[in-house]
Amino acid sequence: MILLTNISKTYSNGTIALNGINLYIGKGEFAFIVGPSGAGKSTLIKLLMREEVPTSGNIIINNFNLNSLRRREVPYLRRSMGIVFQDFRLLPNKTVYENVAFAMQIIEASPKEIRRQVPYLLGLVGLSNKAKMYPHQLSGGEQQRVALARALINNPAVLIADEPTGNLDPDTAWDIVKLMHDINKRGTTVVMATHAKEIVNSMKKRVIALENGIIVRDEEKGVYGYEI
Amino acid sequence: MVMKFRTIRYCLKEGFTSIWTNRLMSLASIGTVLACLIIFGMFLLFSVNLNYIGAQVQEQWEIKVFIDEKIPSHEIPIIGEQIKKIKYIKACTLETKEQALENYKKQLGEDAYILEGFDEFNPLRDSYNINLDDIRYADQVVQQLSEIPGIAKVKNHKEFVDRLLKVTEFVRMASLWIMLLLACIAVFIISNTIKLAVFARRKEINIMKFVGATDWFIRWPFIIEGMLIGLIGALISLLLVGYGYDYILKLIYQSMNIFKLRSFSEIFEALAFIFISFGISIGAVGSAISIRKYLRV
Amino acid sequence: MILLTNISKTYSNGTIALNGINLYIGKGEFAFIVGPSGAGKSTLIKLLMREEVPTSGNIIINNFNLNSLRRREVPYLRRSMGIVFQDFRLLPNKTVYENVAFAMQIIEASPKEIRRQVPYLLGLVGLSNKAKMYPHQLSGGEQQRVALARALINNPAVLIADEPTGNLDPDTAWDIVKLMHDINKRGTTVVMATHAKEIVNSMKKRVIALENGIIVRDEEKGVYGYEI
Amino acid sequence: MVMKFRTIRYCLKEGFTSIWTNRLMSLASIGTVLACLIIFGMFLLFSVNLNYIGAQVQEQWEIKVFIDEKIPSHEIPIIGEQIKKIKYIKACTLETKEQALENYKKQLGEDAYILEGFDEFNPLRDSYNINLDDIRYADQVVQQLSEIPGIAKVKNHKEFVDRLLKVTEFVRMASLWIMLLLACIAVFIISNTIKLAVFARRKEINIMKFVGATDWFIRWPFIIEGMLIGLIGALISLLLVGYGYDYILKLIYQSMNIFKLRSFSEIFEALAFIFISFGISIGAVGSAISIRKYLRV
C-alpha cells in the first residue's frame, strides 16, 4: 500500500522535480508510471525508498510513515520493497551470485535458503550461466536482470522498478514483464516507471502519467498515450 | 544489537576477502600503517634509550661527605650507619684518605709526581661516596647529611646536579612531546589513508544501504578489514623495527661502548603491545569513522 | 568507412562475445545493430573504439588500421568518431556544459568556437536549461542526451551510439533519432545499437542482426525482426 | 609535444579547480605531505644540530705540548712559530707554568690547599694548547709535533680523541641513514596517498581517454594538481616547523645553555628549499606515475 499526499520535491539547485503529487496505489495493484524524460519518475521512486526526502507532503508505505521514520528504521522500510534502479546499482566487487545473495544475507537468511533461492531466481531471469561473473563483465541487459533478481529475492510486499526493460531487447523485456506480472498475481504490489510504449499498451494496467512533476493522467487499464 | 552467528561469519569472511579484493587500497593502507609505525618505533626506541642513558649517568653520580679529622676511625662506621638510614640513599661506600690520595694521583695522571711528598703525611680526609635513588632528591638528602654530627663537609656539586637534572628533565619532556606529536601524526596519516580507501568505495557502501542493509551490517566488515590491515601493518613493522634495532645495537656496541642500551628482549614485549594495539585500534576506529558519512543515505 | 574481417572476441573468462564477424559499413551509411541482450552489440562497438582488442581478425576505420595502431595514435582514432556509451560515461566532476566542452578542448579548439558550439548542441538535444548541472543531478534520459551532444560536437566522420534511446520516452527518442538522421544526411556514417523496435521498423535503414556473436541477418531497409 | 597556449591555460585552470572539486582527496594529500615533512623536518633539524654540537665539542678539544724545562724562555715563541706551521692547526696558545698551576688549583676546587706549597717552586712546565681544524687529523699532527725539537711531551688524549671521533662519525652516519630512511618513508606514504586519490578518480581518467584525449592532455592537470598539493603541504609544514623550531630554541636556551644551536635564520633557507622542492617534485612525480595505469585504455 502506497499513499502520497501533496508531495513536492525541489532539489537544492532549485529544480522542481515533483509538484503536489497525490497518489494511492493499493495492495496488489500493478501500476505503470510514464512520462517524458525529466518528468520526475525517478524522483518519485527515490522518495518512496527514501533516497530523497520530499520538500513537503507525506508518504505512507507498507505501514511505514516516512515523515516520522527514524534513521535506523530506514533499512527495514527498504527491505519491505524490492527495487530495480535505473542505474542498476550492483556491487562491483561481488559476482552476480553474491550480489543477489547479499540481499538475503542482510535479512540474515539461512545459508541453506540462500543456496536454494539464488540459483532459482537467476534461472528465472535467464542468467544461470553468468552467476560467477562480475557486473563489469556483463552486458547492459544482463546487469538489469541481475538487479531484478536481487529485487525479487526476498518476496517483497512492493516491487518498484525504474525502467527495468530500458536496456533489454523486446523479447527479453516481455519475459521480464511477464515475470513481474506473475509476481503481481501472487499479491505483490508492482510499480514500474517505463518508456516501453508497447508493453504499457498491451498490459492494460493502471497508468499514471507524469509531466513536469505533475500527474496529468491516472487511468485504470490505460495506455502509454504519447503519440509519436 | 544482536547478530545471528551466520551474520558474524559473513562479516568476518567479508572483511577478510575484501582485503584481497581491494588489493591496491589494502596495500596502500598496510604500507602507511607500516611506515608510520616504523617512524614511531624508531623514536620510541631512541627516547627509551635516552632515558636509560640518563638514568645511568645519574647512577654514576655521587655525593661525597668528608668525615671530620677529629673523629676516631672506629666511629666512622657509625656515621656510615646514620647515612644509610636517610631516605632515597641507594648506596654508601667508604673512601679512606689513602684511597683518596691514590685517586688524586690517578686524576693528575702524568703529573702525579707533584703529590709524592704527601704519602707520609696525608692531608686528605676520609669520606663516604653516596649514590641516590633519584638525582632529584639531592637537595633534600644533602640537607639531612649536613645535620649528622661528625661530618665536616658535604660536596654535592650542586651546579652539576642542577644542570644534569635540567638536561634529563628536558630530554624526558621533549621525547614525550615528540612521541605524542609523532603518534598524532601517525594517527592522522593512517586515518587519512583509510578515509581515501573508503572514499574509493563510497558507491559500494551507498548501494548496500539502498538494498536495505543496516549500518552495523555494513560497518562490521569494514571494521574487521581495518583491524586486519592495522594488525598486518603492525606485525611487519614490529619485525622490521625489532630486527633493525637488534642490528643497530650490535653496530653501536662495536663502534663505541660508553653506555648500555636497552636490549632487544627488554623492549620487545612493550613494543609489540604498543604496535599491535595501536595498529588494530586505529584501523578499526578509522574505518568506522570514515564510512559514517556514506551511511547517511 | 568501417571494415571488419573475421573478427572474434573471447573475453578472458572464456565468454565468446563475437565469433567471426565480417562487416562493411560504407561512408555515409546509417546502420542499426540489433539483437537480444548479450548478443555482442556492445562488444562490437567496444572493438571499434578500441576499448577492447579483438582476439582475432582485423578492423579498419577511417583509414586507421586497428591491428597496426600504436598506443599513442588511439586518441586520434577516437576523435575521428563520436561515441554514445550505453553507460553514458560523463565526467562526474564537470557540469553538462563542461562535459560537452571537454570534447572540444581535447582537440584544442579555440575558446570562441567552444562558446559557440556547446550551447548550440545543448539546444539541439533540449538541455539548454541544464547546462550548469552535474551528471548526478540529471535524469537518466538527460544524461543520455548529454552523451549524445558530446559525441556530436566535433562533427565526427563516424557516429557510434550504443542504445542512445534506452532511457528516453518515445517522443524524445524520436527527436534524437531524427537528429541522428539529419547528421547522417550531412555525410556522417551512423552506427546505432538499439532495442527500439518501432524506430528500426519505421526508419527503413540497414539492419545488422547479431545473435550469440554471429551476424544472423544483414538487410538494407530492414526491420527489427524479432516478433513478440 | 607542442601545446597550444589555450591548452596550457586549460591544464592550469583544470589543475587548480580540481583541488577544490576534490576537496576530500586534496585535504588528505596535503595533510599527508604536511605530516611527512614535519617528521622529516624535525629530524633534519635534530641531526643538523647534533652535527653542530659535535663540531663545537671538537673545537673545545685541544692537544697539549709541554716545552722542555731546559729551553730558555725567549726561545719558546720560536717553538710556537714552528707549531703554527703544521697543517690542520687552527689555533695555538701558550700556557705558562704559572697559569697551569692556577688551573690545577681551580680543578681541585676546595682541595686546592694541597698545592699551596708549590707557589714558590713550580714543578710544572710551560705548554702550548693546540686546536685543530678537524679532530680526525689528530694522529698526523701529533706525529709532526713530536718531531719538533724542544718539545718534551705531547699530551694528545689519544683514547679520548678516538672515542669522540667514533661518536661523531657514528652520529653523522646514523643521522644520514635515518634521514634517508625518513625521506624514503615520506615518499612512500605520500605516493601511497596520491595513488589512492588517483584510484578514486580512475573512472574519470578512463572516460577522458575514451573521449579521445591524449595521455599528456589528461596527465598535465593531474601533475599540476600534484605539484600544487605538494607546494601547499610544503609551505604549511615550513611554517609549522620553522615556528616550532624557533619556539623550541627559546625553550632550550631558557632551560640550559651548554651548546649553541643553529639559529632559525641559519637554517630557514635550506629548509625552505628542501621542503618546497621535495613537496613539489613528489607531488608531480607521484601523480604522473599513479595515473599511468589508468591511461592504458
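By written order: A, B, C and D. Residues from 1 in each chain.
The rule is simple: a residue touches a chain if its C-beta (ideal position, glycine included) is under 8 Å from a C-beta of that chain, and two chains touch if they have at least 3 such contacts.
Everything quoted here is computed from the prediction, not taken from an experiment.
Graph distance from chain B to chain C, where chains that touch are one step apart, equals 2.
Shared contact partners of chain A and chain B are absent.
Farthest from chain B, judged by the mean position of CA atoms in each chain, is C. A separation of 66 Å divides the Cα centre of chain A from that of chain D. Per-chain CA centroids place chain C at a distance of 61 Å from chain D. Chain A and chain C have Cα centroids separated by 28 Å. Mean C-alpha positions place chain B and chain D at a centre distance of 25 Å. Taken as a graph of touching chains, this assembly is arranged as a ring, one closed cycle with exactly two partners per chain.
Contact between chains, as defined at the top, is found for A-B, A-C, B-D, C-D. Those residues of chain D lying in contact with chain B across their complex are 24-25, 28, 31-32, 35-36, 38-39, 42, 104, 110-111, 113-115, 117-118, 123-124, 153, 155, 163, 166-167, 169-170, 174, 178, 181-182, 185, 188-189, 192-193, 195-197, 199-200, 248, 252, 255-256, 258. Chain D makes touch with chain C in their complex at residues 3-4, 6-7, 10, 18, 21-22, 203-204, 206-215, 217, 296-297. Those residues of chain C lying in contact with chain D across their complex are 49, 51, 71-72, 74-79, 83, 85, 89-93, 102-103, 105-108, 110-111, 150. Residues of chain C that touch chain A in their complex: 11, 13, 15, 34-39, 41-42, 86-87, 133, 137-142, 145, 163, 166-174, 195, 197-198, 224, 226, 228.
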